[in-house]
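This report concerns only the one structure given below.
Chain nomenclature is as follows: A, B, C, D and E, assigned in order of appearance, with residue numbering initiated at 1 for each chain independently.
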Amino acid sequence: MRYYLRRAAFYAITVWAAISLNFLIPRLMPGDPADIMLAKMARSGEVAPGVERTIRLLLGSDTNQTPWEQYVAYWGSLLRGDLGVSVTKFPTPVTELISAALPWSIGLLGLATVISFVLGIAAGAWIGWRRGTWVDHIIPGSTLLQSLPYFWVALLLVYGFAVVNPWFPRIGGYDVFTFDGPEATAEFVGSVIYHGVLPALTVVLSSFGGWLLGMRNMMVSTLSEDYITTAEAKGLRRSRILIGYAVRNAALPSIAGFGISLAFVVTGAIVMEQVFTYPGLGKLMITAVQGNDFALMQGLFLVITLTVLAATFLMDIVYGFVDPRTRLNG
Amino acid sequence: MGTLEVRNLVKDFRVGHGFRRSRLRAVDDVSFTLEAGKTVALVGESGSGKSTVARTLARLETPTSGEILLDGRPVSGSRTAMRAYRHDVQMVFQDPFASLNPFHTVAHHLERPLELHGVARGRGAVAEQVAGLLERVSLTPADVYAAKRPHEMSGGQRQRVAIARALAPGARFLVADEPVSMLDVSIRLGVLNLLACLQREENLGVLYITHDLATARHFSDEILVMYRGQVVERGPSDQVILDPQHAYTKTLLAAAPDPARHGRLRDEVRAELAGERA
Amino acid sequence: MAEYRILPPRSEKLLAGLFITGGIVLFAVVAPFLVQDPRFSGNDAFLPPSADHLLGTTKLGYDVLAQLAHGARGSLLVGLAAAAIAIALSLIFGIFAGYAGGWTDEVLTMVTNIMLVIPGLPLVMVIAVYAQSRSLWLVAFILGITGWAGSAVVLRSQARSLRSRDYVEASQVAGERTWRILLVEILPNLLPLLAAQFLFAVVFAILGEAGLSFIGLGPNGSITWGTMITEAYGGNAMSAGAWWWFVPPGLLIAVFGAGLSLVNFSIDEVVNPKLRVVAETGDRRRAPEAAAPAAAPVQPAEPKAEVTA
Amino acid sequence: SGPAESDEGPVDTTLNVWAGSQTPITANFNPYAPTVLHGALGPVYETLFFYNKAGGGDPVPMLGESFAWNEDGTVLTITIREGVQWSDGEDFTVDDVIYSLTNEVGRSANLVSAEASDDTTVVVTYDSPQFTNEAAILGGAWMLPEHVWAEKSVEEATTWANEAPVGTGPYTVDTVSEASYTLVANENYWQEGKPAVAKVRYLGIDANASAEDLLKSGDLDWTGMFVPDPEGVAAAGGPTGYVNTPQDPTVLYTCANADLGCKGPQTDVAVRQAINIAIDRGTINDKAFVGLAAPISPTYALLGRDDQWIAPDVEKESPQSGDPEAAAAILEEAGYTLGADGVYEKDGVKVELTLTSVEGWTDYNDAAKLIAEQVAAAGIKVTASTATWQEFSDSRQSGNFQLIMGGIIGTAVADPFQIYRDWFSGEYTQPVDTQLEAGEWNFTRYSNPVVDAAVAQAAAASDEQTKMDAYAEIQHEITRDLPYIPLVINATQTFYNDTEFTGWPTDEDLYAFPPSWGSVSAGFILANLEPVE
Amino acid sequence: MTTPVLTAQGVSIEYRTTPVVRAVRDVSLTLHRGEILGLAGESGCGKTTFAYGLTRLLKSPAVLTSGEVVFHDRVGGDVDVAALDGDALRAFRWDKVSMVFQGAMNSLNPVITVRAQIDDVLTTHRPGMPRAERAERAAELLRLVGVDPGRLDSYAHQLSGGMRQRVMIAMALALNPQVMIMDEPTTALDVVVQREILREIMRLREQFGFAVVFITHDLPLLLEISDRIAVMLDGEIVELDTAENIYERPQHAYTQRLLESFPSLTGERGGFVRTGAPAGSPSTADITVEGTV
């Protein structure tokens, strides 16, 4: 129980820090982002006082307020679910844009990450288990995978499997030539899956190597643990030793480090979504960046961080189940 | 002549995190005096607080309460006082593999204390001193050993370097925390003898911490038996070993293997079982 | 007790890794002097690899090899600079926290953990956007200050374990000052680990720079592998089938990363001796050459095995 | 594209368009909003007349039947078309026209009043001659339904997303998703039998490369985009229809006017002249614009279309090849000396400039790199750098730049006047660090009394000769001062599917500016299209 | 009590590293049914390697280069351990020869319960055993070694060092093996706890009659518990005799030296101590011996 309490406290502080960082960054930057943004908006007409207030609140240049008051007001608007209004997609609220993009990213990344994680762990376990044999020659190959730039992989995949051989669609999260928007039909779901193949493959290819190597190393050190020798001496079947003794223990650091690695995966996937015009958060982030859409950027940063935290938190709970040591005296 | 005196030493550790923080009394009201030219042994089971006493003496831990007096004077916490104290009181650690920095040569380990305590100045003088120290701990030829790194030496040799290092500042008191328990059986006595010899020749006061009752008996003048942070029995070594008073000392003695009593345990068990069957 | 070593044991992986990394570094250092001006547009456009242009030319007629050579410089510079910053920060946050312990440790560790789970690129993007023009160094700086947390964690745990090593305490007893203990006693023993972390940081920074370039937040006006891929993508290298333009930079990033990872692999084996795997000696119970003489004096094995079966 | 399965009767064809939109698409059909979707501009909302920017010719009556100017160009009388209905069934009336011309957001600064003289006639009064604004007023002002818009405050009129627009155009909005939006034929459209294409789908595609792939795979039916190998599109299986209508000048903006706060070597006219002749336009066109751009006239009259306006004694066409020696000579003449590093300098200031272009606009990025390389031969150091569109736009608005590569919007009629006035006159600029206001396009901060006087003279001129004289004066000044250094007339490529749809503008019949993103013209073209049975 | 249960003949084991380490050289040894055979020797002399060789647990780069290990089963006959493979080897392990390892702290899988680990043994080797019986057996085993059966559902980290070691011994007893190899099972423990565990082992041995190979470098301890003692030096057995003989009449110089390294606790203070050795003596070889009795 104390383990969970401690983790919960950690998450609370991290969330607080992420939000505060979000509050702080625009205020630390030279110049007044709110003015820049307002000037930009003013070119295309008057800026409604309400909009101006939101922008000032979000980006912090309300001259009448002390920083502390700004901070409190910022929290206030966050808690009301108000992340401001996007400039590039004016006047759409940031929350609306994000909530439309979130399911795509979570669906794609979530699935791809799970696949990559499971595959990586399985392959790493296998390579670690068969260490010292020809299997070791797979290692250099996987170090190569580990350092592939995501977007480059995406480009190659697009080139190979959407352009030269048009087996997979080029853009989008679903067939935009058939569907005018998301529908609740089997065809639509099929289309979503079909469109997700290359993006997911990108994520899997580029993150798989990392899991594999991490697991392989843990597997090798776990296999030299005394309890493995004991298990062998006990005459247990190799499958039992592999799964119950070696893999289970070797996977622990991977599970514990899942959140951290996830942060890396998300980072890579942001750029990948651009290549596929995939309607997720990463795509939106780039739109925001290219349009200097600060409110959207901030909102996204926050949501991405919170999503990663949520995933990490889930993994923490899983970890608590897998490793009894954390549960009792963490 | 000098004395290193410990008075009513108490050391508490905080254990646990957050709300569950609690105190653990590792050393509870321990007092003893170390005299120049004498060896005091501190024995007791694992976790009884022996190392904590040693570390407090080496000023690696600050006592929760109690005093340490060097030559009858309390030691203040100031930087200079500390340095002066360390000049006189040095420590030999348990694990010869961990007590030398694998990155540095033997010479480095000896030069630093020499320089720090101003024992020798200038390259030549320092090198000379280093050679002298190595010779004192029988690591000859000194120049060969001075250039070695720890992993190039055996455990016993390393422990000799550790002893040399402790001697380097010109220490008068040596705290040796299980100095041989990690060494191979056949070289233990060599190291112990070296310590004893140095102690005699240089008139050192030695605190010898161990759980090996046999060597405690043979190498020290006085034995203190610690149990759960407290000294439960003390006295001249032969008296404590041969005529234990406290129940715990008796248990300890009964548990200690003794080559002279070979076959004892087997026979005891057989007798017991026979008794049970009967 | 495992023998202590600073240098990784010589292994195929290490040699391969050193060979690759060294080769690429050498390429970055020397090649720019040997190739064309990377911005010389006098060549024909989209020339496939030939003797004149070993890796062909781009849409503007730039020599790809020349671009690759200068890009190597750019990418390596970003990588090294960012890694240096990241490592410096991770030293502060990791080693200092690990050594100091107590509240300092708690606070620094908390900061580290927070930085660790906050995804890097969005943060980098947010920061990069506010900077009006981005030099190579600024990009490196941004990548550096956002990329230190991972190694800080590793260094901290190592520093914590070193802190309680007897030799550190021995120096304390000898009267060494804290900073000297940190620098002379602890730091050298962290070198392998530090090297490993540094190499990883280099790879991450190079990848990070490439990603930033791809979304238009890379260094302005510099040539790096990242900008090359981006230009190839924007310049329709793929539609034009100009694989020689977009494949080499990405491949070099991956290969360089792989080279560093291989070196790291060997370093890991120093840091963690358990990882030292020895090739299987074939039959575990009896070496082939020894089998014959050993088998002679004893009874045939088979029938006995049947008894237990 | 292609026929979508449909059980009921007529073939239901969808036209897939890319007009440069970025995902995620958010519904915004407010023509006054900066984030308005292309579909609103022409397909949904219309103007009174249609001016063919590509081929000239008389304005085509749309919601207006006819118009007439008074003598001095201050009063415009418009007769509107009868029987037009808004897509919500209400009638289109003079009130709508008056609202559209006079509302706070849409009104022209010179407007005095707009009044209905009867049910079909509107009289618009201006405070100065507006001949030269005719196309902007009649062919540029959106006709909006007063019954919907009148209640909107100014603030709402600009910020309102107008998700279900009521227009007179051939299409109405059907669906909007983050990836696309669709328009369907307006059943009440005032042109009988039009539009013939039942459905138009506008797609959001983020990168040119992706769009090009989709174009080549035949997924897009109509798009105006830059493709380096236009022949390759059809060859790869894309649409076979293609026109290139070079129209808009591509130039280097220089922040030219030190008096208004510009900083840098480019404020010296000699430097601008040197750059101008050092540039090798032929190579730039060949390499960066893959030979698709057209030569430019430093007078900004569109060669071919506007030839009659070019004064006889000015350079008609900017040189195609660079002349670094001549450029160096100009600099030496102006007192520059060659430094040891091969860069000219004067008073210790080196001729070093930063040339910014928008990241991802690859033709511009490439051209910038080529320019940097070319002028280096003339002892001028130019660093090519890229910026995001917003950064680019910000620096352009505020005047904080040395050189930026950008476009000048070509005129919709065969007359360069609008360029002279909007882009060159001192009234259309602001000091550096002050943002230009809406409608001001003189980013270079150029301000020349001679030009200003000539512009005023041309604006008021009702006869051609006066105008020619004024233009000659302007052309003399600007070809010497070069606040914008002309590069090329940029290609405007349009690809369209002419196997499944007919009625497209072609080289032979350029009845409208063809690209899919063309404001007003896109609606005009869509109404003209017919699916091939 | 002189029927052999395990015979090793000319066993040599190498570590195929550079340079090759010949850890065990031509060792022959016979373990008699029900006896406790002590294996003494300094660190690195090859004790663990030999023990692993007896049970075929050697891992690369260790190679059994020559030799024969024969197990004389109580029922059935002889088994050539070196020739066992696959399932036969698995079935042999633990059922006939079980082991308690050096550092039992790490011999328990940290993430599964004690019960599951005992269960593992039973399900593998006694496939037909019903669940309830297995549970009963597990509880019984813990009781045998003096641990509360309530601890069955604990994880290793919840047990003290002594308890862990007892659990390991319980597990080693699970299948009633005929031989138990104990590799320094008590080194990491406190003397008092060590004593209790040794006593437990002795009792169990008396009860179940298994033979024990007890490996340690603590010669006094071996002298107390073993029937016979083998002294190993540099991979070879240099002396093998009854405990009594080893103590009273050590033959080999090395054995003598080993003995000298342990001053008697209650006996006379050895003359060499504190007086004999010159400070410069780098080894104990030149320590003068006086009676240690």
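We take it that a contact is a pair of C-beta atoms (placed from the backbone, for glycine too) under 8 Å apart; a residue touches a chain by one contact, two chains touch by 3 or more.
According to UniProt, the chain labels map to these proteins: A, C = ABC transporter permease; B = ATP-binding cassette domain-containing protein; E = ABC transporter ATP-binding protein.
Every value quoted in this text rests on a predicted model; they were computed, and no experiment measured them.
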Min route length, chain touch network, chain A to chain E, equals 1
Give me the chains shared as neighbours by chain C and chain D.
A
Distance from chain E to chain B - Cα centre to Cα centre, in angstrom:
31
I'd like to verify one number: the distance from the centre of chain A to the centre of chain D, where each centre is the average of its C-alpha atoms, in whole angstrom.
40
Rounded to the nearest whole Å, what is the centre-to-centre distance of chain B and chain C, using the mean of the C-alpha atoms as each centre?
45
Between chain A and chain C, tell me the centre distance in angstrom, where each centre is the average of that chain's C-alpha atoms.
22
Multi-chain contacts only, two chains or more: what residues does chain E have there?
59-60, 91-92
Mind pulling the chain B residues that touch 2 or more other chains?
none
Would you mind listing the residues of chain A that make contact with two or more other chains?
132, 158, 163, 274, 286, 289-290, 292
Which of the residues in chain B end up touching chain C in this complex?
55, 58-60, 82-83, 86-87, 90-91, 93-95, 97-104, 112-113, 116-117, 149-151, 162, 165, 168-169
Within the complex, chain E is touched by chain B residues 45-46, 135-136, 138-140, 156, 184-190, 192-194, 196-198, 200-201, 211, 213-215, 217-219, 238, 241-242, 251-266, 268-270, 272-273
Which part of chain E faces chain B closely enough to touch in the complex?
36, 42-43, 189-192, 194-195, 198-199, 202-203, 206-207, 217-221, 223-225, 227, 243-244, 247, 257-267, 269-270, 272-274, 276-284, 287, 292-293
Inside the complex, what are the residues of chain A that reach chain C?
10, 13-14, 17-18, 21, 25-26, 29-30, 33, 131-133, 136, 139-140, 143-152, 155-156, 158-159, 163, 213, 217, 220-221, 224, 259-260, 263-264, 266-268, 270-271, 274, 285-286, 289-290, 292, 294, 297-298, 300-301, 304-305, 308-309, 312
So in the complex, the part of chain E that touches chain A is made up of which residues?
55, 57, 59-60, 89-95, 98-99, 101-104, 106-113, 120-121, 124-125, 155, 157-158, 168, 171
